[in-house]
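Please read the structure below before turning to the comments.
Each chain gets a letter, A, B, C, D and E, in the order it is written, and its residues are counted from 1.
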Amino acid sequence: MIFETILSQMPYLVHGLSVAIALLVCLLSLGLVLGLLLSVAEVYGHWTLRIPCTVFERIFRGIPAIVLLLLFYYGVTDFIEMGSFMAAVLALGLRSAAYQSQIFRGAFLSVPQGQMMAARAMGMNKFQAIRDIVLPQALRMSIGPWTNEFSSELKATSLAYVIGVVELTRQAKYIISNTQGNILIVFAVVALMYFIVNRAGNWALYRLENRLALPGFEHRGDA
Amino acid sequence: ETLTAGVEAAFPPWAYVESGEYKGIAIDAMRAIAEDQGMDVEFKDLPWPSLIPALVKGRIDLLVTGLNVTPERADALDFTIPWWENDDEILVPKDSDKNLITAMCCGATVGAQGGATQFKWLEDNLASNDDVDVTLRGYEDYVTAIEDMLAGRLDAVVTSTDTAEDFIAKGRPVKIAGTIQQNQPQALAVEKGDPKELLGKINAGIMNIYKSGQWAEIVHKYAPQSSIRDIPTSMPDYVDTYQGDIPGYSK
Amino acid sequence: MSEWFDFAIEHLPYVLQGIPTTLGLWASAMVIGAALGLVLAWARIYGSRPIYLAATVYVEIFRGTPMLVQMLFIYLGLPEIGIVFDPLTAAIIAIGLNTAAYQAEYFRGAVRSVPVGQMAAARALGMGQFQGFKNIILPQALRRVIPQWSNEAILELKYTSIAYAIGVTEITARAEKIGYETFQFFEVFLLIAAIYVVMTSVVAQILLFVEKRVSVPGL
Amino acid sequence: MLLRVENIHKSYGDAEILKGVSFDMEPGQSKVIMGPSGTGKSTLLRCINHLTEPDQGHVFVDGEELTSKNLNAMRQKVAFVFQDFNLFTHLRTVDNVAIGPRKLRGFDKKAALDLAYQELDRVGLSDRADAYPAELSGGQQQRASIARALAMEPKLILFDEPTSALDPELTGEVVSVMNKLASEGMTMLVVSHEIGFARQAADEIIFMEGGKIIEQGPPSQIFEAPQQDRTRAFLNVIEHGGHE
Amino acid sequence: MLLRVENIHKSYGDAEILKGVSFDMEPGQSKVIMGPSGTGKSTLLRCINHLTEPDQGHVFVDGEELTSKNLNAMRQKVAFVFQDFNLFTHLRTVDNVAIGPRKLRGFDKKAALDLAYQELDRVGLSDRADAYPAELSGGQQQRASIARALAMEPKLILFDEPTSALDPELTGEVVSVMNKLASEGMTMLVVSHEIGFARQAADEIIFMEGGKIIEQGPPSQIFEAPQQDRTRAFLNVIEHGGHE
């Protein structure tokens, strides 16, 4: 009975999943670009640049995601007109930028200092040295920890329902409330869907990591 | 003119989503009211925490959801005339031999939705009363509370009448062990002060669909057993929009 | 702003009564997570193939699915096979099992960041693998893991609010109740945010102190 | 006979690194192993105490064969000093030396510390007992790691290029500790290209190439009249600075 | 005059590492800097191309003073070879050599690669062009890093202990490349304790101690008849294996 219901509602669950994935892709992309800039500023920037970046990072890591979502949808929209989805991308994307900046910062710091030094000694300026020498190495090292961020943001997309983004978890909630039960079965299906996306994403990321792996640097055996 | 109505769409029989469509008493009634008043309406599903800021920021024009009228909420919202009245029901498992009295005393554990009026009532009247030995437990939603009762960890769950009836209608193995008379009015709501001057139109619309019999039809479509109460139902005097002249409604 | 202060002060006492539940839940879950996380990390580094696989599957499942779902299964699913926990216990177990998967990965990373020469030197002295792990690798790995571990600890402190779903009235549950009564959700969320910021800052500060306290030059 | 190494073979994948190495050592002897890089000197040393499992061959210490069963007990008789020291980073110098006696030899805390101070004294490090490894210079670290080996009161110490991570002056302090140990009668098997140490303290030089011992004999013979061309060429390089 | 180093001072915190160092170099000259560890040799070398900013003093290359404005341009004239090579780990050997011409000298891709192959040939590494740094032996890595320096077609190359991370035989291959460069007329300033290189290729030995040059002169003079006790003691240690 419930299986029939779930089956008949499957298109809506899948649609919810596609909303979640779209949100995930947007927020991770925003977080990636901004997180990289932040990390470069935090590692190589002058202190006048470093301090505001650190403040940004602390604020966006410290405030609970739900509060951020509400703030963006109901506060920031005073200045910029945008819908629920855009607000969710901004709120969660900026938060992800704060987290990702720490991943990249770690990666930058783990590139041996000699690399930067050798680049500077050749006559490269700081920007060239970061772009051509340090960044390509740091990005490779970030892929591993980045899988964690991918997994946790995937699940964080479910929070966007508070500002009216109807994603997978909200669709599931509809089924549960319409049948006034079946929490476990419905959520098991949802968990499976998240799990599949998570595995698929991590599989792709680990493949990328192996593709880009350099001789002499440890490969992760377990993908 | 298109109205945007905010609903918490996980709240049958009032408002829910099935196969991507908004359904429920409040949904259909609101559509009828809008038609009656020559307006269009669209719905936006927002959970409770979002409803007030959404109203204030103009993301929605009114709340159309199974909204209990309470003094605290009346401070934050302006209510339309109440179109419904609820009592509270004590739900127990179908095979339970508990009654109104035994389900609510003597070491019983009782559940309710943490933010609901039922929870507050139980807290004020039972849990804080030293003579009654009852443990009260709050849940994020009623479905979990019912599941928990069916798992044997609760003796009873207290819900509003229409929710209780919906559980039974959906075939959950629960029954009503007793009713607590509350006469709790429900209404639609707009932003405090009604800056968009909607109250008059909505109130008029409510009265029109009530008088035309459309209301009874809609209610019975979603809750066949429900008896229709006169609209407006009881109008508590702590609600200031119910004092003096009520726009769109003459006594 | 001052309105919010009045609101906060009015409702703070009620919300704060949830602190013992929140902290108790968090501390117990972190302990379970640390103990189990260490075992999982050990299994994923030194375990034989089947043990490694079992630990890996565990980590994948608990990291790949939402914690809410895990909690609902423990609370509502297990009674169907006769295992019934009260809400607090179920929440502790669920959060503990979940954080164990994350902590395992932190521990694993930390253990692997200890240079292999350390174990070689321990083995060369005549220590067995477990002795080497216990006496040499672990003390170094634990020191290295503190910064990441404190991130996890802080994250979990915020995640304890999920326990509300199964009827544990910790601070978020209490605060939301005020939200439903007054409909001042925004104010309520700011209040919660403030409380968590204070709690997480205290925890972070304590862990920073511990980190400094046990730090060793060169580690 | 204190150590008997019999026909050790070891391959990594397809590459046969050790192709049957055998030799003996008497108590009190010092032997120095030399040979080009990649020849398997480290691998041989690690096979002797089974830090690397040999594919074939046997190792006997004091007449008892090293097996996977008596491994940990035997390793306490055969100490190992690493090229890059591998001091335990989280322990102070004195605790690095004391941990062996304490955890493996059943000493109580006080006895272990007493012994540790004594061994640190022997390598001239008593004043640095409370420092952490990261606070020591390279030479001090290597001396501490020798003290750690000594505290096990081993029958034999294996050294794998103990000075090659050190600069010339720091090398001096480590080599003089090793000279002292040799003169005190410690049995030592040393992979090293320190000609000075080899000439002065070694009873025998073992010259390896391509996974085999190609020449061995007293230093006088090896340095003054090497039999093999390869040995001669190699010694020429290391004695005269690496080029013609 | 190709290089003029004038009165360089450098302190870290309270410690004054360089206490006024001056010297000149003519085109085609090779000079070797020696001295005990911690004396400031690396610091001096790094001050010359401002990898470390000197507190005082001036550096002139080809008559032009090195300032923060012309820094990157000047560094292209003064190449640096590091002790631990610092090849770019994410680039193949040939790309390590080509990246300078490509990104800094305006070569197009093909021209940069051609030049890179040419320089790799010069250091005897053409056959390893496609390997990543981690796939090279230490000696090969150092030769690649020399090729990388050469590809900038610098006026002067600074070497900071280019062989001290290498074992004796690998040292040989790097030293012979350096000898070749010296004989081709490359101007080189080398911090090294390789007596062989110093004797054969250096025009002058600069002996530093305690942040100062305490003795300088042609190798014959420094090695055969050092004026200072300290120089004599140090040379004794490095020439005779680090101990008495």
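To be clear about the criterion, a residue touches a chain if its C-beta (ideal position, glycine included) is under 8 Å from a C-beta of that chain, and two chains touch if they have at least 3 such contacts.
Given the structure is predicted, the values throughout are model-derived calculations rather than measurements.
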| item | value |
| --- | --- |
| Path length in steps (a step moves to a chain that is touched) from subunit B to subunit E | 2 |
| If a chain touches subunit A and subunit B alike, it appears here | C |
| Subunit E and subunit D - chains in contact with each | none |
| Pair sharing more residue contacts (C-beta pairs) when A-C is set against A-E | A-E |
| Rounded Å distance between subunit C and subunit D, as computed from the means of their C-alpha atoms | 46 |
| Subunit B and subunit C: spacing of chain centres that average the CA atoms, whole Å | 38 |
| Distance from subunit D to subunit B - Cα centre to Cα centre, in angstrom | 83 |
| Interchain centroid distance [CA atoms averaged], subunit A/subunit D, Å | 51 |
| Two or more partner chains touched - positions in subunit B | 49-50, 53, 144, 147 |
| Where subunit C touches two or more other chains at once, by residue number | 72, 76, 185-186, 189 |
| Every chain pair meeting the contact rule | A-B, A-C, A-E, B-C, C-D, D-E |
| Subunit B partner contacts - residues on subunit A that touch it in the complex | 8-9, 12, 15, 66, 70, 73-74, 77-78, 161-164, 166, 170, 173-174, 176-181, 183 |
| Of all residues in subunit D, those that touch subunit C in their complex | 49, 51, 72-76, 79-80, 82, 84, 86-90, 99-100, 103-104, 132-135, 145, 148, 152 |
| Residues of subunit B that touch subunit C when the two form their complex | 48-53, 70, 72-73, 75-77, 111, 114-116, 119-120, 137-140, 144-145, 147-148, 151-153 |
| Contacting residues of subunit A [partner subunit E, same complex] | 112, 114-115, 117-125, 128, 132-133, 136-137, 140, 214-217 |
| Touching residues on subunit A, where the partner in the complex is subunit C | 62-64, 66-67, 70, 74, 148, 151, 155, 158, 169, 183-184, 187-188, 190-192, 194-195, 198-199, 222 |
